[in-house]
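Per-chain numbering from 1; labels A, B, C, D, E and F assigned in written order.
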Amino acid sequence: MQVLTRNALKGTVKHISLGRVNAEVTLEIVPGVEITAVITRITAERLGLEEGKSAYAIVKPSEVEITLG
Amino acid sequence: MQVLTRNALKGTVKHISLGRVNAEVTLEIVPGVEITAVITRITAERLGLEEGKSAYAIVKPSEVEITLG
Amino acid sequence: MQVLTRNALKGTVKHISLGRVNAEVTLEIVPGVEITAVITRITAERLGLEEGKSAYAIVKPSEVEITLG
Amino acid sequence: MQVLTRNALKGTVKHISLGRVNAEVTLEIVPGVEITAVITRITAERLGLEEGKSAYAIVKPSEVEITLG
Amino acid sequence: MQVLTRNALKGTVKHISLGRVNAEVTLEIVPGVEITAVITRITAERLGLEEGKSAYAIVKPSEVEITLG
Amino acid sequence: MQVLTRNALKGTVKHISLGRVNAEVTLEIVPGVEITAVITRITAERLGLEEGKSAYAIVKPSEVEITLG
């Protein structure tokens, strides 16, 4: 991953919970802006994710929907 | 869509470009934090998206990846 | 979410099962037409999903594949 | 693809429009229930999709979101 | 599923682990090339997946990202 | 992107075609194994993709489906 990637939002791990196969990870991008990811538990462990750690949330543009709220 | 939805990032349309089938839309969430979506052109038109308009970027948690940068 | 959203299929919750991180939810759209979603358990709980409840299944067009069967 | 696949909705092509890279295809599942897919133009051509043709819309459960409308 | 589908990578199940809702399945495409899928446990059971069994990993082109490593 | 990422398939760009918003890129992973991605045209240009160039195809495990063919 380099600066070349669009939609890479830098944040801090605020919460993480582990299931058997998956893990849910919430990053705080800036105060009041959070994004939650469900990734495999193995990836969460390999990345050594834990609260307070810095990480990036990555999303492909084709997977982002737009609504008017 | 209600407050019930997680991963709904509110922002302002900063840029939009139209193809025949799809449209690329970039929202500024806060200064320095942008997210780009590729949606169908028809949806972009129905939503009346244009620069400066307020909108939400929505992403399912299972489609967000985490890396360490 | 408004009528603006395409690919919003209205149905009734027919089955729901909970894991630690995720939940599997099956909606019956019309008799004989069902669609299954895997969402986070937290979202399932916030939405108060339970059998018989009315809900929408939403899918981005870019995530729908077409085959001939 | 066999009967083994969940989330395979059978329908009839109601509309198709072609871009240079992608194609947008709308299937009518039953009267009043439609689902739109954006697939590559090459796939649309290989499948020989055209209005009136029978086809399946396939979606992974992890890519279906649930809301209350 | 027929030969019509692009991005169908044939492989052999190398590892499978089951959660309550999901299952993680790793296919070896060729020696040194593996791909991991998270599918529902129900689908894994219906397909009768187990180590050594032949299967296909399918991905929509719009869900594949490209980077330079 | 580091070795930490699963489902990063290294290959060589075999074909690329550009639309107005999107680009279709086919990587050859090993002879006989190809994977096609649809990414934004802007990303394709930023990465400087062209035939013969080395690149990685990345897919989230939750977006890989398994079938028996």
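As a working rule, contacts are C-beta pairs under 8 Å (C-beta built on N, C-alpha and C of every residue); 3 or more make two chains touch, one makes a residue touch a chain.
Note that this is a predicted model, so its numbers are computed, not measured.
Engineer: Considering only mean CA positions as chain centres, point out the chain farthest from chain F.
Structural biologist: The most remote chain is C.
Engineer: When A-F is set beside A-B, which has more C-beta pairs in contact?
Structural biologist: Counting C-beta pairs in contact for A-F and A-B gives the edge to A-B.
Engineer: With chain centres defined as C-alpha means, what is the inter-centre distance between chain E and chain F in Å?
Structural biologist: Comparing mean C-alpha positions, chain F is 17 Å from chain E.
Engineer: How far is the middle of chain A from the middle of chain D, if each middle is the mean of its Cα atoms, in Å?
Structural biologist: 30
Engineer: CA centre of chain B versus CA centre of chain C: separation in Å?
Structural biologist: 22
Engineer: Indicate the residues of chain C shared as contacts by at least two other chains.
Structural biologist: Correct list: 1-2, 4-6, 19-22, 24, 36, 38-40, 42-43, 47, 58, 60-63, 65, 67-68.
Engineer: Touching residues of chain F toward chain D in the complex: what are they?
Structural biologist: The contact residues of chain F facing chain D are 17-24, 36, 38, 62-63, 65, 67-68.
Engineer: Help me check something: in the complex, which residues belonging to chain A touch chain F?
Structural biologist: These residues of chain A touch chain F: 1-2, 4-6, 38-40, 42-43, 46-47, 60-62.
Engineer: Any idea which chain E residues touch chain F in the complex?
Structural biologist: 1, 6-10, 24-25, 27, 29-30, 33, 35-39, 43-44, 47, 49, 54-69
Engineer: Which positions of chain A touch chain E when the two form their complex?
Structural biologist: Residues 1-2, 4-5, 19-22, 40, 42, 60, 62-63 of chain A touch chain E in their complex.
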